[in-house]
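First chain written, first letter: the chains are A, B, C and D, and each begins at residue 1.
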Amino acid sequence: MTIVAVVGDGSCSAATACLAEETGRLLAEHGATVVCGGLGGVMEAACRGAKSAGGLTIGILPGRRRQDANRYVDIPIVTGMGEARNVIVVSSSESVIAISGGYGTLSEIAHALKQGIPVVGLGSWQLSKDGREDTRAIDHSSDPAEAVQKALALAIE
Amino acid sequence: MTIVAVVGDGSCSAATACLAEETGRLLAEHGATVVCGGLGGVMEAACRGAKSAGGLTIGILPGRRRQDANRYVDIPIVTGMGEARNVIVVSSSESVIAISGGYGTLSEIAHALKQGIPVVGLGSWQLSKDGREDTRAIDHSSDPAEAVQKALALAIE
Amino acid sequence: MTIVAVVGDGSCSAATACLAEETGRLLAEHGATVVCGGLGGVMEAACRGAKSAGGLTIGILPGRRRQDANRYVDIPIVTGMGEARNVIVVSSSESVIAISGGYGTLSEIAHALKQGIPVVGLGSWQLSKDGREDTRAIDHSSDPAEAVQKALALAIE
Amino acid sequence: MTIVAVVGDGSCSAATACLAEETGRLLAEHGATVVCGGLGGVMEAACRGAKSAGGLTIGILPGRRRQDANRYVDIPIVTGMGEARNVIVVSSSESVIAISGGYGTLSEIAHALKQGIPVVGLGSWQLSKDGREDTRAIDHSSDPAEAVQKALALAIE
């Protein structure tokens, strides 16, 4: 069973949610399990998509209440550790798809790259240092199908 | 879906493993999911029992490698947080069954009690303060069937 | 510099606070730094005692606001990790003095013992398993002077 | 007491170490305490600089051994939580100076920005999303004096 993290904002536009739902659906159709932060926005849309295709979803929650999980989370993991749960979301995955996203998402991208877990971006962050883009870091995709294909191909053991 | 934590030593006697396996099997037969620390000993035996009855198992790992999970873990959660993962094991459960166990298990019992999550003991710790036993803390059981019955009856929402 | 953890309830009786303050004062007089959970009750009293003797105090806070630290904390460490910060309190110490305390304190005792960090008790928990008291676990003391003497003598490198 | 985090690679060039040492020294001269990840490279150089000016240094360690702290750390905090300690480094600070750095440093920048803690960069990451640079995120400086001045001016309460 391949586990792919889908990371992004807890509240997002309808267009971003549409991308996240399609991403979740395609992951489930390919037999992958979705792990995410368990809340709303991109996380909820990805879980909804995965469930629409009969997939399994895991939500790593920052708070102390399992009731905070969106309704499409099958397995709520309750950490009570706030943002430190971002580390667990990516550490528990074999590859990461980042969809748009703010600084929390950026932290998940960074933790994944630090650990050598491949990151595929869909309208997400670009990173530069000393004026040069870090082109090896995030594998940018133009649509959910390409993102899912890359995430599955790159998934580490 | 009810999630019950089974906590105990990472290495244990054959007798303790037998209790843990029976506990895992009975939980799965009653439709409960087993969450544990994902390693050997009591954790592995409980997962093996749960899988023998077609149950679902979650392992919250202390290290950074999913490969450290015992082979009966369906959902490995990789924390890289060492003992702090003990908090997550119990926080993610609706009740806890402690089987024998050392100081790590004691920490899980304590974290559960602190959060108001019921703890059922099977040959596990007894707690006293100022010379008086804290009889409300751990609900002691004499066999796996009683422990599972209590854990399911006491499970919080 | 020896670092000793003082652990106990976030709210406590005047008598317990008196023991904690005396403990903090004696630790500082012996040149030890006090680390604690940074909040009220035993934690605040221990810090107040340490400051009265010119000592240094560290508070490992569970929440996200440094303002939650009691006013006698010199170094507030902001974890945002809830109870998981209990692991850090004891891991950062060379020995632990547990003064009375509830289940949170019990978790700190357990994490310390798991890691081989000596624990001295002052009216705190007694542990038994299978009907036998675990006499090696907690070194019980009858007053702050004895507790501090033991904590300093037992402090690991 | 103002606490400023200095974040950067655990091994670095002599030029980067020189910037970090100067940064630590200037922070101490302005009465600020340095908090960092406690290891080598930028962390060690910043602590060495701070100590050369009589400052106080805090090292939030990822592992379980206080002996892993560089020799210029006054207060070693032992987390045993791996990369999740990055969250604590920035949460415990009132502003952050990022000096060069890799993905671990990027995670610290992201966690700080997520929490509204100001980040000053010295030859560090630039962030863009959808092809537009996020110019509000990191306040880039050209030398340690400017970085320290900004970090102190921007420090949150």
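By definition in this document, contacts are C-beta pairs under 8 Å (C-beta built on N, C-alpha and C of every residue); 3 or more make two chains touch, one makes a residue touch a chain.
Keep in mind that this is a model prediction, so the values were computed, not measured.
Chains making contact with chain A as well as with chain B: C, D. The two copies, chain B and chain C, are related by a rotation of 180°, based on C-alpha atoms and rounded to the nearest 5.
Comparing the residue numbers each copy contributes, chain C and chain D share more than half of them at their mutual interface.
Centre to centre, using the average C-alpha position, chain C and chain D are separated by 29 Å.
Centroids of chain A and chain C (each the mean of its C-alpha atoms) stand 40 Å apart.
Contact with two or more other chains is made by residues 64, 80-84, 87, 115 of chain D.
Taken in their complex, chain C has these residues touching chain D: 1, 33, 58, 60, 64, 66-67, 74-81, 84, 87-88, 91-92, 115, 157.
Contact residues of chain B toward chain C in the complex are 81-84, 87, 100, 102-104, 106-107, 109-111, 113-115, 123-131, 137.
Listing the residues of chain A that touch chain C in their complex gives 64, 80-84.
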